[in-house]
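One chain, chain A, links the two complexes that follow: it is found with chain B in the first and with chain C in the second.
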Partner chain A sequence: MNSVIKGASYVLVHTPDMVYYNGTTQTTEMIVNPESEYLKEVKSNLRSYEDAVKYWPNQTYIGNVHPEELAGVEFPWYDKKKEDADRYGKYGEIMPEEEFLFLVQACDQFEVVRLDKDFVAEYKDKFAADPIIGEDIVAMIHEGVELSEIEHFVNEEHAEGLYFNDKLVGCVKRAHDIDVNLSAHVMHENLMSKASSVLALLYAVRNAGIDKAEVEYVIDCAEEACGDMNQRGGGNFAKAAAEIAGLVNATGSDARGFCAAPTHAVIEAAALVKSGAYKTVVVTSGGCTAKLGMNGKDHVKKGLPILEDCLGGFAVVISENDGVSPEIDLNVLGRHTVGTGSAPQNVIGSLVADPLDRVGMKITDIDKFSPEMQNPDITKPAGAGDVPLANYKMIGALAVKRGELDRKELANFTTEKGLTGWAPTQGHIPSGVPYIGPACEDIKEGKIKNAMIIGKGSLFLGRMTNLFDGVSFLIHGNTAAEEEAAAGVSEEEVKGLIAKAMKDFAATLMAE
Partner chain B sequence: MAILEGKKAIIIGDRDGVPGPAIAECVKTAGAEIVFSSTECFV
Partner chain C sequence: MDLENQKRVKEFAEEYGAENLVVVLGAAEGEAAGLAAETVTLGDPTFAGPLTGVQLGLAVYHVCEPEIKEEFDEAVYDEQVGMMEMVLDVDDIVSEMNAIREQL
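After this line comes the complex of A and B, so read on.
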């Protein structure tokens, strides 16, 4: 039987100080043009935490707004506030920066994170009050240190500063004197990814309604690499995050593939469960500090606040078929192969049409497609257009070419089969997976019968190949009952029949 | 497409639109010399 999606989580962390100090658009500008007008304007164009919480796409990401409701909100969204917005949503939360720094320290196993003692005194209780944060994690927080010690590490020892409200409140020290793979910059980036992954794991386990001890395997699908000079991408974020999240029975590994990695990882998880290798697998990922403020120059130029001010995270719990939850159908897997080529029709053909052809389905048989779900409020002002819409147009065009859709229906196709993007431009975070949570609910409620998740990755950015990549899979309603009916008699029924026969036989013997 | 005959072409493709190699194939048949071709990720 197919494995099922037991639950999903989606979390954001509002990190405006990291936009300035750690986003590569800003840090590159500090190197090449330190006196630039843009750098002077960054801080005054950052949003408050309250504004980030009231931002419609963020409320959609954490599950307080359905994507269809977001599509009905007048565009653009950056100048509109959702008034009854909440920090917490059914999928996760939007954690403020000052609390997140404590989670980062809890994730630090090598004492590279130092927090100012006044900062710890002021905000530790606020962090501990988050219902998802258990006492085990709070117990990992260290006593704070003198600010002068932090200043020493930042000014004299190459440490990365940790800031809140543009004030130095801590640092991440380098973990080695000369190994660049363990530099303060890399340690900072990796700890932020790990901490946001831990937050996603905690919510995923809660949302799936399982015990932490049930998780047997974790797959991390972020885009960072941890290791040292002898094994630069050694890993393993998955097990490291599982340790902090308290998943005591889990091992794990990292899957990498740029933005396509989450979709690869979900397919791998579904296959691991279906094969019987593990009963419960969680796919998880934290966010990416480098991409904070990635399109900040265009946003500031056009009078927008810097909208890329949140780290994203997500996790999906995949387990054995429970007879209720939506299934991942491994018979419908799309893949862009080495030989597929780069023509748009070949790309969409390999990801969408080919897997459907193999099971005798048409493009129009799919109720919703979830390709790259980037928030167009972020990408349109930056000149990258509406990425989900561009993908829907290509899928629709292929359906027309195949004679499955009337050309006049193309415009309707993009709205009926598509979704408006809501995910932050955190690379792997918006790639296909943001709709898994809402899709499962929509399927259970009977609003849709299936959804295709499509992940694409820009492999060429690593300069190892000119190729890009993509994979896809299909989610549909639970078919366990149908399968059992088709099989004739269920295992339970067989057991019942044998038990009855034994009883009857025993009764016969007694009578004799 | 005669406008491309004998011209030098710099191609920047889009991963979510038309990738560089696909544009390059078209430009080549139109008689241009490709001096640079790349696909970029704009998200």
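After this line comes the complex of A and C, so read on.
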């Protein structure tokens, strides 16, 4: 029987200070053009926490707004506020920066994170008040240190500063004196990814309604690498985050594949469960500090606030078929192969049409497609257009070329089969997976029958291959009852046949 | 335009001569195509990459522009670009590209 999606979580962490100090658009500018007008304008164009919470796409991501409701909100969205917005949603929360720094410290097992004692005194209780944060995590917070000590590490020992309201409140020290893989910069990036993954794991377990001890395996699908000079990507974020989240019976490993990794990871998890290797597997990922403010220059130039001010995280719990939850159908897997080629129609063909062909389905048989779900409010002002819409047009155009759709229906196809993007542009975060949560609900409520999740990745960025990558899978309603019914009838039939044969045989004997 | 791509374009121009290069773009939006075209003609408008202040003045076209389309075998073009041609706002791309070329 297919494995099922037991629950999903989606979390955001509002980190405006990290936009300035850690986003690569800004840190690159500090190197190549330190006196630039843009750098001077960054801080005054950052949003407040309240504005980030009231931002419609963020409320959609954490589950307070359905994607269909977002599609009905007049575009653009950056200048509109959802008035009854809430920090907490059914999938997760939008954690403020000052609280997140405590979670980062809880994730630090090597005492590289130091927080100022006044900052700890002022905000520790606020962090502890978050209902998802247990006493076990609060107990991992250290006493604060003198600010002078932090200043020493930042000024003399290459530590990365931790800021709140543009004031130094802590630091991440280097974890090795000469190994660049353990530099303060890398440790900072990795700890932020790990901490946001922990937050996603905590919500995923809660949302799935399972006990933490039930999780047997965790797959991390972020885009960072942890290791040292002898094994730069040694790993393993998955187990490291599982430890902090209290998943005592889990081990795990990291899956990588740029933005395609989450979809690869979900397929792997579904296969691990279906094979019987593990009963419950969680796919998780934290966010990426490097991508904060990635399109900031365009946003500032066009008079928008810097919209890429949140780290994203998500987690999906996949377990044995419970007879209720939506299934991942491993018979419908799309894959962009080495031989597929890079022409867009080959790419869409391999990810959408080929897997459907293999089971005799058409593109129009799919109710919703979830490809790259980037928020167009972020990408359009940056000249990258509406990414999900571009995907829907391509899928529709392929259906037209295959004779499955009338060309006149192309415009309807994009609205009927598509979704408006709402996910932060954190690379792997918007890639197909943001719709898994809403899709499961839509399927359970009977609004849709199925949804295809598509992940794509730009492998060429790693300079190991010029190839692109992508995989896809299908979610549909639970079929356990039908399967059991089908199996039950045939078993009875077999029993009936045997009984009849025995009876006939007995009759023959009697006759003799 | 990606900083590494800017570096490669600059190196090709030095190696083969700017007059011997044609840059063919595949950007999905007029604005993105225009920015890339500007980078390889007038210089990097974002002042971030190796082509900042470097006016290479290269010949640059989008793959959906008629001048480039007629260079292709029709069947190959349909197989490789046909679907995207159906999807893209080709008129917008052409007008953005012309606007940049006119500045040369």
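Just so we're on the same page, the second predicted complex is superposed on the first by the 488 of 512 C-alpha atoms of A that agree within 3 Å, B and C clash if a C-alpha of one lies under 4 Å from a C-alpha of the other, contacts with A are read in each partner's own complex, and residues count from 1 in each chain.
Heads up, the rule we're going with is that contacts are C-beta pairs under 8 Å (C-beta built on N, C-alpha and C of every residue); 3 or more make two chains touch, one makes a residue touch a chain.
Worth saying up front: this structure is predicted, and the values here are computed from it rather than measured.
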| item | value |
| --- | --- |
| Contacts of A:F460 with chain B and chain C, given as first, second, both or neither | first |
| Partner chain in contact with A:V400 - chain B first, chain C second, else both or neither | second |
| Contacts of A:V32 with chain B and chain C, given as first, second, both or neither | second |
| First, second, both or neither for A:I366, with chain B first and chain C second | neither |
| Which of chain B and chain C A:F468 touches, first, second, both or neither | first |
| First (chain B), second (chain C), both or neither touched by A:A261 | neither |
| Partner chain in contact with A:P430 - chain B first, chain C second, else both or neither | first |
| Which of chain B and chain C A:A343 touches, first, second, both or neither | both |
| First, second, both or neither for A:V273, with chain B first and chain C second | neither |
| Chain B and chain C footprints on chain A, overlapping residues | 343-344, 383-384, 390 |
| Contacting residues of chain A [partner chain B, same complex] | 259, 341-344, 347, 372, 374, 379, 382-384, 387, 390-391, 425, 427, 430, 456, 458, 460-461, 466, 468 |
| Chain B - residues contacting chain A, complex | 13, 15-22, 25, 38-39, 41-43 |
| Sites on chain A touched by chain C in the complex | 28-29, 32-33, 36, 297, 343-345, 348, 383-385, 390, 393-394, 397-398, 400-401 |
| Chain C residues touching chain A - in the complex, by the definition given at the top | 28-29, 31-32, 35, 46-48, 79-84, 86-87 |
